[in-house]
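Read through the structures below before going on.
The same chain A turns up in both complexes below, where it pairs with chain B and then with chain C.
For the complex of A and B:
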């Protein structure tokens, strides 16, 4: 029964947040919902796959944006009919969705299987190579990418109004969050965490270490593919530059801003990133100190640097620390003369990162 | 524990379900929820409200290969509004500070924002959405670059309440293929700017075979396509087509794919931005010295190349752009350049290395001028409808029928709302002091983007293999007006 506070605390907060997000379209402007929040949910969903792999599998992947892009390109090729770009297969939109997801998941399995014997920095480098090769595949094989990108991509009718796309993003985000958290308690999830912590021991216990890694990568690829579909519906187009090295690193940076050991941090990081890109220039006098549109990446870089120095667990780490401090203060309230509370360490052992 | 987790999952699933229900309800109750309907640009957060004024957004590029032209393009539109709509720039040394006081036929023109692209379609779509959906722009001027133009034309098509005057984006598809009824381009495209060059090189210079090297993106493809169509139409043969990716720094592997100078009569280059010089240097390293007579290029060939490549580049022919080289000076051009110098003290444009320079330096180049023509088109169309844009279809019809009398030649639109323009061909030559300068050699009048049927809405987009090299009738072959010492000999 002593777990009840956890249920009423964290879970309730989450449920309230989701409820708030559900009601958001009637509270906020159309631009905030359809642009800022929809983009946040899409990028957050994609970044959550990086966090999932890092947190439970100990694998920091730079290939998630590629999966995101593969799904977008495949949908564009399958769904468009006529026009000068792509394969123009002209399928029913939902058939195209199925095709895009199947291709993305298969690609993720193959790439995951190849990468499954590497760990740490080697895994990071290998997935970076995937990202670069993927970019050039789409840039060079213009039959499947344009030429110059696939444009005029329409949403399925069900998602016609932009607000529905927002809700689709919210639904998939909630499902991914719950799903990823649920997986860690399953046999597969426990084995995956074992593989993360001590692959040699897991192998000697009879677990197929590469298979676990490959399957985790496949699952992450599947979810990143869903985010990629939302993205092409939201953006209406995709081109090779959409999955070049710059955006690939941005996705990792989003995960780092939020906290690469926290699933919820992926969406938080995406929110901060989108806010900076959308609203920073509207702050009064901000251009007077040299922060113009051309320097947004510098601002993002400074934020990342500050977070790396102040809180390696990202913004969620800062929030947790503040909560811990408040809790301690509440606990020591009877003796206010106690003054400053000691720093609270909520170190998380699950941090994957570049563990090898 | 697991039961609690299940309850957690259940609670969240129920909430997610609620989200779906709400989405459904929201959709039903708000069946006008399409982007076009949800965002009433003139109303959204508009201080002047009512929707009867022009809320202008300008799309430039502050990053990427053309980031240096950000100041130029905004200045172009500002100059048009300063000359013909009474606008006053907020700064005498920069156009990016905006302007005030613009009004046509009683309708105020307010600058709501300047979008900052980085030469990618993704970014420009996000920038235009910010201008339209957040800041409430109802007229957009821009964008600057090829792929961006296609993306913005698509956006315009999906948002019929918007009016877009393209900036200087030179891809063919944005008008020929996309055909958005509210997207207007008062200048040529990359193919148009290559028109007449093939005729000149084949019939006058005696080139029979040529190798083409162009950037591997829509503007490079379009530029190469125009040249190929033109050169082949008069009987020439394109032996090689090489397409290095945009942003390549080491061109040696692409140069290796080109034939040697003794195997072809010449080369056509449509490699832009910082790549022009790098590619030509790689050519010198890989194939031996340049002989200008054996080269031709699109607008990116300019006298500045001589600084790095030496005067051997003299002799090369250069395709057209929106403006004409400095040797052609008509009273209209003089007046236009003087107006630019009166509007600001200095403008840190790209041609002066983003250092303060007389505004006429920037105004004489196509990037500035393209945005200027868009601004003039906006003013003239507003005058034609008496400042009343409540009937958008009528407003768009008026724009489509405009014939602009502009300093560098008259411009009208074809049925796809793309400019029919005069193209000025030029050559890099040595002046008396031994400096390489650009000299106009011919003006090809009335070039449209179909190239006598080579390109149409039903043909593929210009690409690595399209168009094929075929002889055909082109309407302007033989009609080029020679220019001697800057004076057209018509």
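For the complex of A and C:
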């Protein structure tokens, strides 16, 4: 519970990474920046809300893509004017942004309040039901989703050139990462971790456990809504199929690939997903072994399976293990012996929760 | 002395099993009451009813004049009630300081702050003071999941002390402690303010009889007898149900 920010190796690495990403548009191709990296940042931001809820609140949510979609649909309805699809309210783009965020946050609070009384597999299933209901609401009420979706959505002038959208994604991603990490040490964040560890104990300390869960869900919904806005500006359109069960699971898969217990893993998972999605078809000879673009989901499935078998903590788990191994190797470098005693090193073995 | 906790005709049934059968208790302010009885007597169930973790099937619980029978447990700290659990329930992923901080934050209504204020800094310092009272100064930044069993018990107690309660419910605080730790626990309990009301479930009779002014004996969900530690110690019926026929 150190209140002062410390300059750790991790902070330094994050600063270097952010600096690199800021400079990326002048180092990489426009396609890589505006397609691969912008999509990575948007999906990573949305997946980070799954990680936040799972890591600090013990809640694995499948409703985050719904929040993402609600924001997109609300912006499309509010901002478009005189189009063939949606409500065509014709508001100023920033008013539409406010409207989309308010509606998404309210929806997250209501859904969170209902789901907050469930835990574990029941919470997961309930949020899956939210996703399914949300899909059917937008698929069947064409007045708010347009037949086949809302198209020709323009982003605000401020974000006109595609590279600005990349920077907006980067800014929001950094804010979300730093914000989520900072929250864990606040009264709210500590209480959320307490709710995760032992809700009965938290109640006996005077905390309103369901309200706390609902508020965490609302916060995650708000951030997912921001990602949804970036997505609708990046895509220029949104349709109900983009929030169906398939994409809902993809967001969870992204979190799992990166590591559901690591915030940074959300963006790492998104990067791997987008890379595979974008470049799979370009791999030499890959079609000879039966892997075509149409079998993309199979490839992703195999990757997820391999990661879960090799490292349930995802790619960040593998990275942490490698770092730990390197650190241990450095620590156990044999010291110059005086020839009289054998060197003794600290050894540690973890067997589940037991450390020996 | 005014009564702070009144339990009237409390019955708890889990399906066909009646865990409590018409329990009546009137606990005065500053009283030290030990509840003893064999396993399955209903002691912890009675604690759970008083603490609001479960609602009774029939009967009433009044704390400081307020009917709390069906009010959830989160309202109890506002009435000055704190409890510990039979199995230490500190938050395994948080440090000792953070655990105690949460107890303070819960008591003071600082539940949902998203930023640090001077009040939080004060509570952080206060957590260190509370930890030292429970002999946990050296473990202040250790994650609770890495504490030894006895230290977790101390942390439970520290979290209860932190809220500066009027009524404290301690469920087997000496369970699993070494002889030295039990002695230290008894000293700590004796050092509490005389205005603090203490309800204690304890199998260690040395600790229970040393702390308690009154002892309630339970068996099969019923109150068998109540009296001073000397009266209970001398009662042959208590020997029979609690210590076995041979002792009688």
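The working rule: the second predicted complex is superposed on the first by the 326 of 356 C-alpha atoms of A that agree within 3 Å, B and C clash if a C-alpha of one lies under 4 Å from a C-alpha of the other, contacts with A are read in each partner's own complex, and residues count from 1 in each chain.
Just so it is clear, a contact is a pair of C-beta atoms (placed from the backbone, for glycine too) under 8 Å apart; a residue touches a chain by one contact, two chains touch by 3 or more.
Since this is a predicted model, take the numbers as computed values, not measurements.
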{"item": "Partner chain in contact with A:14 - chain B first, chain C second, else both or neither", "value": "first"}
{"item": "Which superposed partner A:209 touches (first chain B, second chain C, both, neither)", "value": "second"}
{"item": "Contacts of A:190 with chain B and chain C, given as first, second, both or neither", "value": "second"}
{"item": "First, second, both or neither for A:200, with chain B first and chain C second", "value": "second"}
{"item": "Chain A residues touched by each partner, larger count belonging to chain B or chain C", "value": "B"}
{"item": "Partner chain in contact with A:298 - chain B first, chain C second, else both or neither", "value": "neither"}
{"item": "Set intersection of chain A contacts, chain C complex versus chain B complex", "value": "3, 185"}
{"item": "Interface residues, chain A side, partner chain B - complex", "value": "3, 6-7, 11, 14-15, 18-19, 21-23, 25-26, 29-31, 34-35, 39, 83-85, 139, 142, 147-149, 151-152, 160-164, 166-168, 170-171, 174-175, 177-178, 182, 185, 235-239, 241-242, 247, 277-278, 292-294"}
{"item": "Footprint of chain A on chain C - complex, ascending", "value": "51-53, 72-78, 83, 85, 89-95, 97-98, 101-103, 105-107, 109-116, 120-121, 124, 145-146, 159, 163"}
{"item": "Residue ranges of chain B in contact with chain A within the complex", "value": "1-2, 4-5, 7-9, 11-13, 15-16, 18-20, 22-23, 26-27, 30-31, 33-35, 38-39, 44-45, 62-63, 67, 116, 120-122, 125-126, 129-130, 133-134, 146-147, 150-151, 154-155, 157-158, 171, 173, 177-178, 216-218, 221, 245, 460-461, 463-464"}
{"item": "Footprint of chain C on chain A - complex, ascending", "value": "1, 3, 183, 185-188, 190-191, 193-194, 196-198, 200-209, 212, 215, 353, 355"}
